[in-house]
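To keep things clear, I will list the structure first and then write my remarks on it.
Chain lettering (A, B, C and D) follows the sequence in which the chains are written, and residue indices restart at 1 in each chain.
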């Protein structure tokens, strides 16, 4: 067996190696896609190999390089990161499978570029997951932004360009304009950027300045899409569906909320932050984002846009859970990252399947489609249930913990938001399901298609199944979530 | 008087007049340098400002035309900038040591050694030459390189027509013959050249040295060009001969330095050139002064050739 | 104060010349006039140096048996170098002037700036048509 | 021979310039120039290793010890700058051969290399010299060579740009001469170390203040400090590509070094900050130039001109670092000297390759090049990311220290300006990226192929340096911090 502390960097290097392979075999699609799948499976093995160690309480460290005196690029294995890495590693093979079906089914251009940057984005996600300090996190955070830019603009037309501009603009502006100074400030105050249980700020900064730092961090992590920094997410919907899946489920937004939780727990410190004046405003903003985004989602006819706004609201669940600043809500936040990932990827896969098979993108066109595409719409239903937070989907568990945290911390606003948004979630998902299964197709709708290609159906069935399985057997993620912030 | 000339330069609009006035200005400032005991500087200023610079400006005017249009924009901003700069300078002079006082810091530090010891250390009476060629020989090498760099620039920009002009011989008849001038020049030029050599080798004892000699030598050739035309001058000294000589002058200077290095001293430490350090200094100074003279003379000639041949092409 | 004035008088004349040259340099559009201004400006700076080196009652710094007081030779050396630098710059500037005259047909800075702007605008238009 | 290293550093290119002029053969000129640049780099690295323990090497020309003779003084600061300048030369000289084939008539190639070597020698000399007047002489050598190099551009505008630079550069030079003269009047010496010693007791003198003002303005002209920057965009935009690359990467760096040397090495930090409050002027000018130059860059159609304005903004960063007047700020300035040379080098070289293939470097010429010249454009993108300050590139390291310095000082508006300017940089770089990767090639422009290896190799060497020193910045930062501490001395 490979020693643990070397397995850690391997998680980053395996996808990078895969990227090189993809690039080299760009001329032969079969080998190229084989390389993608193989790499994703190897990565899954690597990440899986790390799991027992984390559960056993080990925290291996691996130093990449000392960038500046006292400022290192290093990886540290800890439960929260494990959770994120696990989700990404689990979903990548599935997403690859799906991509193969989708990209071939739609005859997309530049497929090599697509797989190449996809692999790099995964590598960056791994780097974020295992980052041992803020600076490492920031480095991979930026790599993730840059490597997903060619994916967002994949179509290369004017719309894609515009979307790409918004995407890059907001993500770079927030990260360079807010996150970077926040990191440097932290470094200046604390003398380190290492993640440590209980935070590293402690009493070194207090009062309003701490609140300012908190805002800088939360808004600096633009990938978490807290309003008003959410515009990039709907804009990025122009990209092919596998990219949306990557953005929404596997990597990008997850990296955002993951970073938020990480910063709150390991940098600012839950207890330290609770003393900052006015910090509850972040919670209110997150609550507002949840409700507002859900309301907007309600009015979207484009299916993918509706899903995008749903994502924005779900992300703010995580932020709100973190900002409740109760240990139990942190567990909820971590679990919600997992739950949302599996649920949302199922939904996007379904949307992509519909587009591939029937070339439909609008909610209003979906009447009766459930009969043509039973697997797809079945999976969609499970995903939607998870979003709403209804058993037997995993979304229920995470929401439950967040709610518990809100009660514990006596955050009545949060409680109200959760209840209200659950209703809204139901309001924008249930009509789709109803229409798909119980409404007759619109007259003139030819409905000459069947199910989507096999890889697609396979992929979305797997993720839908996972949503159910995680509800039944949540032990592993739960154990990880509970270990967050605990000094080993 | 200087001030008056300067004002006249600013006010005039005929560029030709301006250039001539500028020549006068240079001569006047040379005389001021003499008053201030700077004979070497005066010599150079006269040769360069009144001679070479004026010549080159006239050469340029041939090509560019004589008249200046009145400027369109108001002189307010420049005036403010100038006033400001002047004010800073005047402010700066307020704390300056009084003019000519022997106990000023300039005369107390560094300079005394040049004045008291250089005749013994370097072995020649002209302190300016000893400082120039020995104590601060490296600056002088830089100066030669600057001249060389100017040559490179001028050649790159306007080049020199290498061949004789393709015009048929008959056209030379168009020019009015200038017998008096030509005879005068033939009489004068050898003397100028001899004078140049004298200045070259007398620099250790009186005012002069490689630079002044080079300029004077070049001016002899320039005189020749002006009276006999470019083609005849080419027959006398072709630019293809001058070009390598210009580089050789630089190399002679630098080579002297390299030799001193190889003989165990630092760069341009002539003392190691002979058993007796003072004798070594003399060898070194003669060598580098010759390098200076060679480069300056050839560069000046080449630059002048370049201007004149460009002018003929334009005409 | 009066005494100071006479002590520094020499410097002030130099400063006046310097500023006259500087003014010519920046206020006029004709390139040759600019170069002349540059020369006047520089030679005034040279005079400042030489003034600094002067010792009242001293003689030129060439050692002779019967002279006790010499003027400071160092400024002379520096200025010799600076004069050469000046003439080199002048030569290069004039060569440039000739080329500018050939390329633009004028040696008036305003006209040249205008021509450059026109060229830039034309280019921008060309791109705009794409 | 190792005792002669400081002298050889400058004399090798200086004399070889004359040698290639003598041979008058373009190929020999090229080979000799490349060899000279590599030798210079080797010497510079050797010197840096020798002084890395904080010692100072002194080399007295002519065997006359300073202050009577001229001396070269090598310490960590200027050894660092020497490595930058000669390192850039060592990469760009090999690049130049192919590049000038397309831009400069063959008859001028020898003169081009002569001027290039003279320029290099002048820059190295300005850096290494310990004598204030010698500095002026070497400055003029490099300046004259620079005017020549700029005027070799294809467009006639290069002529007017060169003339403008000649006028402004000479004013700068003369101002420096004046400043040195005033210092000399006060102290009677020209040696920098000796000057520093003798200036000590003169703190309150008005002449000293005037000298300081003239030196700062004179050097400011040379380094294109706002509002003395007017010559720079024209010069960089119209010069031959490789000249733009070389100048952008080295010339202003040496000028910044000169500012540091005079401010701290001659006048002393106490005088510069305590007496003259130079930090107020520097910070305000730097902020203006950072913001405005970035905005103007955004409006440019010619990519070269855009990069020239971006250079102005970057110079602003360097001045800002000095103005922040703490160790982190100076560290940022010194790091940025090095880092900016790397990033601008890459960007300008990439443009040179575009010019080599397409005959132009405007936005129009670059459209659709992402597919046709993938390596060239990839290099441009890396350079651009570095300019923006994306992590894992050198640009990030400089930004890090600059922001750190501003936070340490508690000057939040400064932090904000730095960040806003970075975002503007994103915009102007991204404009080019979009055009290159997403726009179709205009029909009237020919399809082109990737640049030859002899151009790609030097460029990618620089790209690699951009990334390597962005990931492992310990060495550069260590030197920069050491130097910054030394410069500031006890002042804080």
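Criterion: a contact is a pair of C-beta atoms (placed from the backbone, for glycine too) under 8 Å apart; a residue touches a chain by one contact, two chains touch by 3 or more.
None of these values were measured; they are calculated from a predicted model.
A count of C-beta contacts for the chain pairs B-C and C-D puts B-C on top.
Relative to the whole-protein C-alpha centroid, the nearest chain centroid is that of D.
Separation between the centroids of chain B and chain C, computed from CA atoms only, is 15 Å.
The geometric centre of chain A is 67 Å away from that of chain C, both derived from CA atoms. If you average the CA atoms of chain C and of chain D, the two centres end up 26 Å from each other.
Between chain A and chain D the centroid-to-centroid distance comes to 44 Å (mean Cα coordinates, whole Å). Residue positions of chain C touching 2 or more other chains: 22, 52, 74-75, 78, 81, 85, 88-89, 92, 96-97, 99. Counting partners per residue, chain D has 133, 137, 140, 144, 147-148, 151, 178, 184-185, 190 as the residues that reach two or more other chains.
For chain B, residues that reach two or more other chains under the stated contact definition are 89, 93-94, 96, 104, 106-107, 110-111, 114, 136, 139, 142-143, 146, 149-150, 153, 157. Interfaces, counted as pairs of touching chains, are A-D, B-C, B-D, C-D. Chain B makes touch with chain D in their complex at residues 88-89, 91-97, 104-111, 113-114, 134-139, 142-143, 145-146, 148-150, 152-153, 155-157, 159, 243-244, 246-248, 250-251, 254-255, 257-258, 261, 265-272. Residues of chain D that touch chain C in their complex: 133, 136-137, 140, 144, 147-148, 151, 156-157, 159-160, 162-163, 166-167, 170-171, 173-174, 177-178, 181, 184-185, 190, 234, 301-302, 362-364, 442. Remark: chain D residues 385, 388-392, 397, 399-400, 403-404, 407-408, 415, 419-420, 422-423, 426, 430, 434, 438, 471-474, 477-478, 481 touch chain A in the complex.
For chain C in complex with chain D, the touching residues are 22, 25, 31, 34, 38, 41-42, 45, 48-49, 52, 74-75, 78, 81-82, 85, 88-89, 92-93, 96-97, 99-100, 103-104, 109, 112-113, 116, 119-120, 123-124, 126-127, 130. Residues of chain D that touch chain B in their complex: 4, 7, 11, 14-15, 17-19, 21-22, 24, 59-64, 67-70, 107-108, 111-112, 114-115, 118, 121, 125, 131, 133-134, 137-138, 140-141, 144-145, 147-148, 151-152, 178, 182, 184-190, 198, 205-211, 213-214.
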